[in-house]
Each structure stands twice: as structure tokens, then as C-alpha cells.
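One structure below.
Each chain carries a letter (A, B, C and D) given by its place in the written order, and its residues are counted from 1.
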Amino acid sequence: MSTQKDVITLLISCPDKPGIVSTVSRFIYEHNGNILESDQHSTNQDDCTFFMRISFAEETFQLAPADLRKTFQPIAERFQMQWNVRYSRERLRVGILVSKYDHCLVDLLWRWKIGELTMGIPFIISNHPDLENLAAMYGIPYHHFPVKRETRVADEQRMLDFIGDKADLLILARYMQILEPFFVEAFPQRIINIHHSFLPAFIGASPYGQAFKRGVKLIGATAHYVTNNLDEGPIIAQDVIHCDHRDTVNDLERKGRDVERRVLAEAVRMHTTDRVLIHENKTVVF
Amino acid sequence: MSTQKDVITLLISCPDKPGIVSTVSRFIYEHNGNILESDQHSTNQDDCTFFMRISFAEETFQLAPADLRKTFQPIAERFQMQWNVRYSRERLRVGILVSKYDHCLVDLLWRWKIGELTMGIPFIISNHPDLENLAAMYGIPYHHFPVKRETRVADEQRMLDFIGDKADLLILARYMQILEPFFVEAFPQRIINIHHSFLPAFIGASPYGQAFKRGVKLIGATAHYVTNNLDEGPIIAQDVIHCDHRDTVNDLERKGRDVERRVLAEAVRMHTTDRVLIHENKTVVF
Amino acid sequence: MSTQKDVITLLISCPDKPGIVSTVSRFIYEHNGNILESDQHSTNQDDCTFFMRISFAEETFQLAPADLRKTFQPIAERFQMQWNVRYSRERLRVGILVSKYDHCLVDLLWRWKIGELTMGIPFIISNHPDLENLAAMYGIPYHHFPVKRETRVADEQRMLDFIGDKADLLILARYMQILEPFFVEAFPQRIINIHHSFLPAFIGASPYGQAFKRGVKLIGATAHYVTNNLDEGPIIAQDVIHCDHRDTVNDLERKGRDVERRVLAEAVRMHTTDRVLIHENKTVVF
Amino acid sequence: MSTQKDVITLLISCPDKPGIVSTVSRFIYEHNGNILESDQHSTNQDDCTFFMRISFAEETFQLAPADLRKTFQPIAERFQMQWNVRYSRERLRVGILVSKYDHCLVDLLWRWKIGELTMGIPFIISNHPDLENLAAMYGIPYHHFPVKRETRVADEQRMLDFIGDKADLLILARYMQILEPFFVEAFPQRIINIHHSFLPAFIGASPYGQAFKRGVKLIGATAHYVTNNLDEGPIIAQDVIHCDHRDTVNDLERKGRDVERRVLAEAVRMHTTDRVLIHENKTVVF
């Protein structure tokens, strides 16, 4: 990968009205920032919400982080912005949860190692011991937290206590458990799950089995933020692959693995490069 | 299109057991047929059903249609076959039902005119008068059968009486009405519908509106045989196209039109070239 | 289609330096324009060229066209901009050239009729009389300009004289002739061709025949601006479809028709909505 | 993966004439084989070559390997067949050659480990020491054979001596050297290369750089058998991914890695499951 310059990124959502782009770009220009990328979107609906992602080189920008926040605050208030500033040199810390299937984990670790995903991985958590060697290959601490039906709340509480504030984002890389509401609420819009179907088709268990039974001619995968409505959180990325009558459930699983890992990696890349804004139950991915 | 030789096609479903391929291919060979294409499939499941499509040149084949049927019958009985023979020179007669949207109809008529779809089109039926001119351009009789909620059964009976035995297959090319059970039962496995979503997602009305609301990152279309379970009949073909937050419902409709017409045309091409077998609620498409 | 508001679009290319976005967005804001879409791109290479497309509602904008040009000119000079302003209510006038194949023309005319392509079509020109009826169905004047090898220059000069300033853009919708240099130079960056291969593979004649011979597993289509280097002008859109050993050249042509018309329509939509900027031999498509 | 039964597969090419399917299927039936899959294809061109792949359970088949060969030989002679028999329990031995890029190797090894690719991997050869640890993780012997421009012939001869008859197939998993003709001739139609472009576009070095310069809107990868015409051997599998003006050469490489590894794995899966027949410079992939 090429040497990346340090970048500051502003993510903004606010009611749409004239002057936002002009004001924000002027703010950056006046403090000597050179805009590298700028994307905007407006829902153009009744509510008319405006979204903006604007990134600029940190090198020449004249405000230190605290000063940026202080100086930008009046602009944010004037336009009633929900906003967030991210410094690319502060990599997100991403914890990964897995069960026994390794395809998503293998893929994420490899992309991380070659620098395709720029993030830290403070830990891997699993309810099974199976993937410990894989974690060890990449030098990532692996923690086995068994989860049992009858002690699920206590089990997940123990996981949550362990995680504490060690992670900015959690990835469910085929973690085959439904998280308890209190766990999800501890990481609002900060848990990404990969579901092995093109949602909203085949919600819940055994989507490949459901797909086989229904006789669909394509199967897919969906990366989405986890909410407490099963498989109904905001979708970040989706893709599909064709299949036909020759494909057994095993074949669907094989084809699906390729789609799952690609879709999950894309969603993680988008999140960790600060390209995703959430609005109601949908995403804007710049 | 190149000159097509006349072809005889056998479509066979039966319990799987040794000797079927050998027996069928010997039957063809002994009567001087030259096999052009042969496809087979076995479910390899508990029921273990075997499917075969085998086509051979009519020119050299020594049995006339009636003799073929009579001579093959003992083989069919021996293997408990459900079977069907089709002569390519007897084009299927395909009636088309539409409402107001013209994209699928425009596409089918053009593909038919240039010889891409080999079939006859005895009539176009619509519950609206809007597309009469389009039908006239292609010289196809257009019949306006208004359907009203309160007289639906009588209205559809009138359509059915008109259709009589004029058609081997019906296509719902965005016919925006749910057909009554008695109508569907008059054409078992002989009505193809195009639904504007990747089923089983977004069953029923306004799938593009549903897709927009859910925030999916791809939209699709599904061609399937009509049964009396809405949008749940055997799927013949499906495809999708990517979309993102910039796409309004209008954009989804625009992108979707391209997918709908492509998927419907593919399903019709497969059916009219005798490539589809139905088994339970699924299709084998050779 | 929804009712479209009138929109003003600025297309800008210039050397990249700080302050461009801020200055342009401020210009729009100060004259009461409400920005609807804004896209930018920088090559980030040695030359470091900056590209911008910014559109805003005409309704509230306080400068008339002449005043906009006069007032923006000093900004353009300050940043050494190549720039262009487009009013959406002034539809581009798009002349279409065809030979005998109708698939691209059928598709463009239909998309134009339903309002998917917003443009005027002042004429269709062909070196064959075959598609006159099709043009007549849509009420477009059709002009037959035979082109012969031995009189090609004079023949094309006659076409050019006829076209005069009737068209802002020309589309070669499978016009199977190579235009003379003087003709191409009369419409610099204003002729779009559809080539029936994924360029740069299979330049020149019979790309489907070449593809069949090479045994590729996918075929494609490319829409590009015409230059005097055959099939080497800036690419606007490309797509492919899978094929296999079963596909004859006829099958490749059939599959290809679907890709060609989709790719050409996409390129025309992008050009006619002022979304394409050309830089050296490449395009930026916003 | 499910438990696979042992399977015998016949691969046949011969001049097309009536009776082949009948004779071959009768041969299998008479010796109590149960046909599992059967595919056939005829070029339908001047030469009219017929291809067939037919597989049946070994369990019930009454001929031992030597007897099968002896008994089938008269049939083969009668139809002038080039033919080959493969027993699924005799896994192909596949040697892998790499340079420094690890994405294809990581992917192949993982697919092999989870049983998605059924083959043996007797060795990995590289002209660089970089990927030795990766090989070690999977317990595969890694051999470093430096290749220098001035001693290339001797260097490759040393590799060839080492390989001897240890491998049935070689995979160039981004082995960034052009093999000498004598080396290629030692493994006719038994070396698979992954080229990082949609051939025949961008033959030779730096295809992503070439693609960037040309401004294409999609990039791709091609798996093909190696011949002594660079990048011109029979194509087994190809795929592409969309790109646009935002993509730098680094981005093309990132996107391309995903396509390369998927396409190479597909080609290897097809070869190792005896699904590829070569005819002239093209493949039939059943």
C-alpha cells in the first residue's frame, strides 16, 4: 500500500438548508486545510436531512484537535449538526467475535495484515476454542467465552466486562449467537454483523437451507449494524452470486463463503475509513 | 438468427435408478436420431428424482410423432416417467397480459420480432386500453378486459372464456392484478409472472417502495410460475442490480425496469425452448 | 417520472489548489442558490487536476444566465478553470446514427419516450433505409445517407452539411462505419460510440467472432467518445456478461445486444445529465 | 463438507457421430455403474467435435481400473476417442509456484485445508523466500529456487529436476516469471496461470497500470493454461469488477486481488474435479 498522509475527516448530518457546504468548506480553507474528498447527500424528502463527509490533510491544517472542536462548535450549532471528527492516525480498535466457521476471520486477518484494512484488533472473542491457533498466527489475543442458553445473560455480561472500553467497533464474523439487548445497547451502531442471505430474505437461522428449499436462483450476504430487531438493522453492504438446481446446500455454503467474506470486508473498510453515516434505519455510504 | 433445424425434445422426470440414460439414448439411436443436447440432474436426496432433457434432430429420426409416443410409452412405464415430447416446429402459443407499464411488453415484442424468442403471440390482454398502439405496431390483437374489484370473478371468467385453448402459456408482463384461484388452476404451471423484487424479499405490493424503506443495497426481479400462493411459485430466473443511498424510488424503478425485462425474457426463452422442469416448488432449468 | 425542478450545473476542471470548493460554494450561496449535488475529484498525481460538478436549483438563484457567466468569470480566471454551465431546461439535442441493427436504437427511443433520457432527438441518420419505420413510430425524422467506399469523404461531408448545428451530441448506435477524421473533428468529444467488446480487447471488426475464436468466458460492451484512433477514445461505461463453450457466435450476439444497449443508454444518460468530464484520454463520471 | 462417495469420471473427445452417448452409457450400465453426472457438448462446426464428461459411482461398478481400460478401449477405437479416466480417490498432486504476493496462495491453502479443493499439495516453489512462513503454517514443504535473468535456463532446469514426477498439475499463483519453453513443454496443458486482467486485454507486464492508463471502467482476472504464447493459452475462467475514476492503481490492485483469487480457485476446482477439456486453444468446462 502507498504511504498514506494523515487525514482529518468530518462527518455531518443536519437539516438541509443553504450555506452548509459553503460554510464548512470555508472553515477548512481558512485554517489552511486542503480538501481531499468531499461527498454530500440530501434525502430530498419531507424531513430533508443533509449528510456530508469532507476530508482534508492534517499536515497543513492549523487547528489542533481541541481547537478544531472548539472552533467548529458554533458552526455545528448554527446548522443543528450531529457531527463527528476523525483523525486517520487514530486507528479504530476493532474487536472480533467468532464461533467455529473461519472464513470471515481468515479473510479479515489477512486483509488487516497486508494493510488493506487500517485498524487495530485488540482481541478476538469466541464461544468456542476452535480458532485459537488462527488468532495466534496473527498474534491477536484470543479469548474463549462459552455462552450457554441457561446462563446467557451472565455469560454476555462477562464478555462485556472484559471488552470494557477496549474497542470502538465489534464485528460479528459469523458469531452464531443472538446477542442480548443489553449487550447491543452497550455498542449502539457499533456492531457489524454478516448475515448469510440477501436480507430481508431469509431472516434468522439456516438461510442457505431456506434458500435451497425455496429454490432461489441467487444467494447472497448482507453486512449490517446490529440492533435489537434480529437482522433488521441498517444495511451497509450486500452482494449475491448466482446458483442453480445443481447446487446442494453444501454448494450454496461454498459459494456463500466467498460472498460473505467480501461483503463483510467491504463493510468494515467503509466503517473504518469513516464512510458510513446512519440515518433512521438506513445508511449513507460515501 | 441462423436457420434452426427442426428438433425433437424429450423432457423426463422419474425416480432415479440405473439404466435410464442408457435406455433413452439407445431408443433415440435405434431410430436414427442424432442427439444434439443432453442434460440430466438427480436430486440426490431422499426422494432421488431424476430429470432429463434430451434433444435430437427431427430430420433423420424415423418415427412419426404418433409412433414416437407409442414406441416410447413402454420405456416411460418401465421407469415410471412423467414425460413430454416437444417438436420445435410447433411453436408455443404465448398470450401476454399487461396493465399500464410497457417496459416488459416492449421488450418481449422486440425479442419476438427479431426471432430471439421463438413463439407465437395470439393475443395481448389488458385491464387498461393504454398499450393498444404498441400491440398494433407489432400486429398483435389487443383485447381490453377491464377488471373491477366488485366483479372480479365474472371479469376473469370472461377473460378465461376468451382465451379458451388459444394459448399454451400466459405471461404476466407486469399485469398488476392478483388472479383468482380458478383462473390460475386453468393454467397449471403455465403462467409466468415477473415480480419486481428478489423473492422471497418484498412479496406483494410496491416492492421498490419496500426496498427503499428498508435501505437495501441491491434490488432485483424474479420470474416465477404463478400458483395460488402469492409470489411463492417455482422460481425460473432472478437477477439483481446494485443501488445506494442516492437512489430515489424513481431511480429504483428505472434500474429495476432493466432487470425485470431481462429476467422475464430469460424465463420465457427457457420455457419456450423446453428447458424448464418443475419439481415440487422448484425448477430445474437446463 | 417525478416532476423535475430546473437545475443549473457547473462543470469545472482546473489545477488543484486550496480554496476551490469554498469559493465556488460561496458563489452559489451568495446568489441564493441551493446546492443539490456536489461531486469533486482530484487526480492526486503529478499534474494534480481538480474536477468538480456542482448543481443547484435555478428557481431561487438570483443571477440570469448572462450574469452568472459574467460574475463567475473572475473566479474561473483566478483558478485557471476550464468550465461550463448547463441549464437542465435546455435539453441537449442528440442526433443518432445507425446502420441496420435496431437493438440500440429501439432501446434509446423507448427510454427517451418514457422520459428516462431527457434530450431532444432532432434526427436519425442511416446509411441504410431499414430502420425508417422504427423512426416513424416515434415521430423522429429519418434521413438516409448512403456511404460508399469510393465516395466516402463526399458522402460524409454531405451528412455533416445536413447536421450543421442541429445537434449537440451524436450517438453511433451501432453505426457500422468508421468516420473520417474531418467528421470526428467537427464534433470533438461530442460523439459517443458503442463498441461490442470490453475494450481494449477486440478492437475493430467482428468482436464477437474474435471473442468466440479466443474462447473468452465473458463478453462485453464499451461506450466511449470517438477520436481518430479507432476504439481508443475515452471510455464512459463498460459492462460484461458471462458466456461459456455452449455459446455460438449467435449466442454471443444475443447476449451482447443486452449489454450493448444497457451500456450505451447509461453513457447517454450520464452525458445528457452533465455528469461526464474528459481529462486527457479518460473520463470522470460523477 | 459432506462425505463424498468415490466416483469414476470419463472424459471423452471425438468426432461427432450418432451412437456415442448410447454406447458409453450402455457400457456403464452393463457393468452396474450408476451415472451421477453426464454432460456433453458438440462444436457443431465444420470439424464437429463431440465432448463428454460422464461420472458414476465406483462402489457398484464391476470393473477394476485395468479392466475398465481394457474393456473400454474397443469403444474408444471405434469412435476415435481421445479419452481419460479419473478415479476421485486418487487426488491430483498440485504443485504451486509463487513469487512475493501472497493473496492467491493464502486463498488456495485455506480452500484446500477446509476441503473445498480436493487435491494434494506436494510442494510450494518460489523465487523468493518471503512466503516460507505461510507454507509452514499449513505444513507444506517450501522450496526457494532463485531465478536470475542470466542463468534462467539452468535455474528452471533445476526446478524441473526437483519437480520430476511429483506433480500432476502446476499452479502459477502470481509467479511473476515467464517460464522457458522447455519448462512449459514438460507440463503440456498442466500449468494453470492467473493473469491479472480480462484477457486478451492487457497482456504482459503491469496490467493494472495499463488499465489505469487506459481508463477502463472494469478490471478483471483470467485463469488459463500456460502455452509458449504469453497469456494466450486456453482460458478456463474469467471475472471482472467495476472501477471508476476514483480508483488509483493501488485501488485497482486491491479490487483485483479479490477477483484474482476467486477466478484462480474456480479454475483449480474445475481442473481438479475433472471438468475441463481442451480443444484447440479453447476449453470446455462442464
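List of remarks:
One rule holds for everything that comes next: contacts are C-beta pairs under 8 Å (C-beta built on N, C-alpha and C of every residue); 3 or more make two chains touch, one makes a residue touch a chain.
The structure displayed is predicted, hence computed values, not measured ones.
Any chain bridging chain A and chain D, meaning touching each of them, is among B, C; the list is complete. Using mean Cα coordinates as chain centres, the one most removed from chain C is D.
Where the sister copies chain B and chain C meet, the same residue numbers recur on both sides for over half of the interface positions.
Two chain pairs are in question, B-D and C-D; the one with more C-beta pairs in contact is C-D. Inter-chain centre distance (chain C to chain D, centres taken as mean C-alpha positions): 41 Å. Mean C-alpha positions place chain B and chain D at a centre distance of 37 Å.
The set of chain C residues touching two or more other chains comprises 248. Of all the residues in chain B, the ones that touch chain C in their complex are 1-2, 102-103, 106, 110, 114, 116, 137, 248, 250, 254, 258, 262. Against chain D, in their complex, chain B makes its touches with residues 17-19, 21-22, 25-26, 28-29, 32-40, 42. Of all residues in chain D, those touching chain C in their complex are 41, 44, 198-202, 214-218, 220, 234-240, 244-246, 248, 281-285.
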